[in-house]
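Each of the next two complexes has subunit A plus one other chain: subunit B in the first, subunit C in the second.
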Partner chain A sequence: MGILGFPSKVDHGFRTPDGGVIHGVMAEFGSAAEIYHAAEKLRDAGFQKWDVFSPFPIHGIDEAMGIKRTILPWIVACGAITGVSAALLMQWWMSAVDYPIVVQGKPYDAWEPFVPITFELGVLFSAFSALIGMLALNGLPRWNHPLFKSDRFLRVSDDAFVVVIEAGDPKFQGAETVDMLQGLGASDVELVEE
Partner chain B sequence: MSHIAANQNVDAALGADAPAHLDHPALREENITLEPAKVGLASKALMALGLLGIVVAIAGGFVLAGAEGTSSNAALTHVKGILLIGVLSVMGFSLGSMFFIMINAVGGAGWHVTMKRILEQAALLIWLPVAGLLMFVAAELYSVSNDGFGIVSSWLNPEILKEEYFITKKYPYFEPAFVAVRLGLYVVIWLGLSQLIWRLSRKQERTGDRWLTNKLSFHSAWGLMVLALATAFFAFDWLKALTDYKFFSTMWGVYFFAGSLFVTFPGMALLLIYLRSKGKMEGLITVEHHHDLSKYMFGFIVFWAYIAYSQYFLIWYSQIPEETTWYMHRKENWTELSTLLVVGHFLVPFPLMLLRALRRSALGYGLIAGWLLFMHVIDMYWIIRPSLGITLDEARVGGMQGAWVDIAGIGGVIALYTGLLLWRLTKAPLVNRMEPRMPEALKHKNYV
Partner chain C sequence: MSHVPPDKLTADRLAGRAPDANDWAPEPGSGDGSLTEDPSYRAPLVLNNRSVHEITEIVCGYAEKSPGRWWLPVFGLASSLAGMAQIMILYLIITGVGVWGLNNQVDWAWDITNFVFWIGIGHAGTLISAILCLFKQQWRTAVNRAAEAMTIFAVICAGIFPGIHVGRAWMAWFLAPVPNSNWIWPNFRSPLLWDVFAVSTYATVSLLFWFMGLIPDHATLRDRADLRLRQNPHQARLPFTPFKPDVLRVFIYGLLALGWRNSSRHWMRYEKAYILLAGLSTPLVLSVHSIVSFDFATSILPGWHTTIFPPYFVAGAVFGGFAMVLFLLIPARELFPNMKDLLTLRHLENMSKILLVTGMLVGFAYAMEFFIAWYGGNDFEYYVFAYNRALPTWLHEDGAPYWWAYWTMITCNVFSPQVFWIKALRRNPVVIWLVALAVTIGMWFERFVIIVTSLHRAFLPGEWHMFYPTWVDILTFVGSCGIFLTLFLLFLRFMPIFPIAEIKAILPEADPHGPGHGHDDHGNGHSTNEGEGH
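Entry: the complex of A and B
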């Protein structure tokens, strides 16, 4: 994780045999079914900071991993409410307080002409908060990621099914976690350096 | 129950060609058969209540006619208008169901096929509101022949025909023969399309021919256009021109059409909750199907608000007198009702239906669905009732407000329709088991 996209080295106290700082442990599985069942076991073991990578979407993997529903809708709702309030306040202040002009003999503070702009600003702020909120929740943008150092990880977009458990996970225990992943049927387990 | 016995034989007749999903436990006989004993009492009670309500409304109308301060002319107008409000409210459910079947057929959707038969039943019941409409038209013609006594349709009023400027400009459209031909076309299109949809589905059930699904897609492609045009022009003739022939609004057809779909989804949600409470359609209608119905409910809350506001906004801005009078009458003399429509039809249900948990909880969407149905009736009431002349305060019988005529008449038509629909549901399996897209609907799931 970095600030404003600039990566910072995060040390959780785990070292490779060569003395490098461990980002996490990566395990490759043979098929979607195998990684699905491994995910269920990892979920039940109580891991928090981990993820499954696959070349295609696996139906039901969210439940298998125990991923909670995103809070993004609530962020978007806040954006929408902000947009709607700002639009109403702005238009009311402009046309009824700051610079009242008679238009077609309508009341200065008639709500009818405010609606289109209120709608537009509500949508605009919703869209902004959806995009920015999504990026923020994903820790984006960032320049690089430790996982990109691994050739095995690059195969995720082709034919590899990979689980990565980060060293920052409270349940992460170095060699024991490696053993556990091998016990779950991982074909290869490698340590990823920060 | 010969039709269900016939379905059982299909498996044998098809042999190896029988769809694999026929063995699915959810499609077992007792799960998709609504025994008359299960709903007999409810449907009979509703039909009796409906007829009683209609009789009470008509009788009450004539009591009102004799009451002080109310002319018999106004009372007759009142009763006819009230019954029309009921007829148009239930007509929306049938038309919306028809549209929903066809739009799904054109789009190749599969998730809805477990509820398609019930939609077909609702569409098939269009004959009831059509019969009500024709009775209304007959009553109007009778009134016209009696020197405009108790006339609802403003443009049919002989007095107006004599003197008004606008009627001479609009007369070609209101030429009686042309109006009659148009009405005939609407009826033929509605009845024809509902029969076509019904027969294709029943034939598929008998023969197991999966290509009939494609045939429905083909007929839906032109059927959608024809249905939309017929419904839009019906709304011009019998809703807009009825209340004020001077009123202009190209949005009007969409307004009624959007209202029809607005009523279809909550109506279906409640009907499915009811059927599931009777132990039917287990595994066929799940929370996932309800979730999608809720999404449609939400969508049409927004769509209705969008077109209703657009129509009002343009008229408000342009200030053309013959348009604004229609809205001014409703804003100034029926203020509470207009406010209720804005708040209850949009402002309250909109944020509620944003909540995913509510869209997936039977109690949540059930309560909202009931409220939305009520709001649709209020919408129709708001369109027609202010044009009937006497206000709620003016219509009094022995000190009591005449609003009970409104409730009996509108409630009566709705109860009659609901009772008939429940009774019809016992006449055919609740699901067309031969539907080739059945597996898709059986494992339907919302990932968002």
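Entry: the complex of A and C
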């Protein structure tokens, strides 16, 4: 992946017979259980640039694939702190610094009436950072992806389960990788062009 | 990819042209199959042994095909009412709030009643999507998408009223934290300003939550349209337009799906974001109606100045919101093919139980208000509850002119849900729908009672004044129902009305370790891994 999620143009030397650059191999499996076991084997085989695509999140697949925990909660925590600080600063500055007005004889900088808005803005900023952080970590939104060329891939959002090993993976070995995927029980294996 | 309409699939099965869904039949005595009392296994969340592919076909079918002849007339009526609401609002703005029945004593009436009513409706959507998610209540997947949509549409309706009731609607920007022409900032000690922040945060976060949940399902609709286009590039164009329907679908659903491609690495962060948003929405939804209740509770008006208001308002909001969910989805369940497989009698029963519980919470709050009015020893407060609300004029000459509104509220909100103590009644969709209708009416009256009966006879008898709605009041409220229904009908027609990916994830075949789906030879996933070595 290059800058802003656009695939980098590094040529790894794997080409189709027509001379097109190969993005990777795509293998279809019959069910969530089969692809789960295949993922464990691929993880243990040491692949790096590969992924499992499924119509729904498969329970425990992150462990089977060896995916690290996401840093998303820390991003949301930063959003929460920003929202809370911005709200307190805004209310304090507007009520106590820029134009203080006596309301009900209370101190200008009493914090108690600021609590509801502080809470609301904390939630608002956290929610935005959860959604935007999730999309950014996933490299989304993006206009297109080489995988969308495959009809089989378009069935993933219906009921297909596929594994894709990218040709850019250091352990990718062309035909041998295809054989390995078939050995893991893939029902169909196809090449996807970049 | 097969492109069989879901109703045709079922028709084929019944005619024997397609294999039956694994010879599935409901157990005797379990209603549609979901009402099993057998504790040794979980009641199915999706009936008829639907496969992952069938879930896609059924739910995408709702968005891709005409829902039937009923839709257009209903939509025509709803959108006419919505148009009428806009005319009423325009009339109000160009004439003044005098076109409403408000007066110097009852200066909040139907406007704020409608505001609190609509904002309360929304709370069930957030409760279902957030709180039931945190509690891992898997049955929520049958209703959460529609309930979240309902939340957003209800908040839109709610947002109209505070904006237009200020009289000079072009001054509505005073609500925002920008200085006015004298460089004075808004008053951050006012609950009305807290309310602005609470409601706008609630609307925004609900929209984000809904949008995020829709991303994978929009991707499903996009991919199906793309596949159809690849198989048949020469589709007929839509009448009077240069567009092929699937080209439009690929473009619009594709934009909304943000390039989602069902990657497990993405799913992992997506699920984390979903849980985080659920965790954020849970205190948010509790705060919103609490802050709405502060609008009343921080005033000194008897009948409003009570500490029970925040929990009482939240319970009432959840109560009214669930009633609206049932009110909308029970007819939808009859009108859309195969929806009864996804939204089972057990789902309806669960929601009826929530209506019963929250109805009694609300009943407790009504009783406690009365108790404190007597026990607190405040004459004014006692007067409000006894003589402004409860005591009928035909029992006492100083009785409450609005007694009928109070007793409508009590009948609808406290008595009507009690029928759900009887098992047969809480499993009967017609009964549930009638109770939901009663509760929706009752919850509107609750807000009317709180606002108008407290205001119309405040401290000084010289100020006492009745409120009567004008035709503009009535048509604006009816029109806001039209706006709500118009948006909901568009949602039913064009969007995935069930969370497709979430429903797939709760099917038995989604479990990578579960037995009984053709992988018994592998046994448990972990033992396979260790047994075969690497």
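General remarks:
Here, the second predicted complex is superposed on the first by the 175 of 194 C-alpha atoms of A that agree within 3 Å, B and C clash if a C-alpha of one lies under 4 Å from a C-alpha of the other, contacts with A are read in each partner's own complex, and residues count from 1 in each chain.
The rule is simple: a residue touches a chain if its C-beta (ideal position, glycine included) is under 8 Å from a C-beta of that chain, and two chains touch if they have at least 3 such contacts.
Predicted model only: the values in this text are computed from it and were never measured.
Which of subunit B and subunit C touches more residues of subunit A: that partner is C.
In the superposed model, A:L140 makes contact with subunit C only, not with subunit B.
After overlaying the two complexes on the shared chain, residue contacts for A:P55 are found with subunit C alone; subunit B is out of touch. Judged by the touch definition given at the top, the superposed model places A:Q104 against both subunit B and subunit C.
Subunit A residues in contact with subunit B (one complex) as well as with subunit C (other complex) are 59, 62, 73, 104, 113, 116. On the side of subunit B, the complex with subunit A involves touching residues 309, 312-313, 316-317, 319, 354, 356, 447. Residues of subunit C touching subunit A in their complex: 1, 51-53, 56, 177, 179, 183-189, 191, 193-194, 197-198, 201, 204-205, 208-209, 211-212, 216, 219-220, 222-224, 226-227, 230, 258-273, 276-277, 280-281, 283-284, 287, 291, 294, 500-502, 504-505, 509-514, 517-519, 522, 525, 528-529, 534. Those residues of subunit A lying in contact with subunit B across their complex are 59, 62, 69, 73, 77, 104, 112-113, 115-116.
If you check the complex, the residues on subunit A that touch subunit C are 31-37, 39-41, 44-45, 51-62, 64-65, 67, 70, 72-73, 76, 90-91, 94-95, 98-99, 101, 103-104, 106, 113-114, 116-117, 119-121, 123-124, 126-128, 130-131, 133-135, 137-138, 140-145, 147-148, 151, 153-159.
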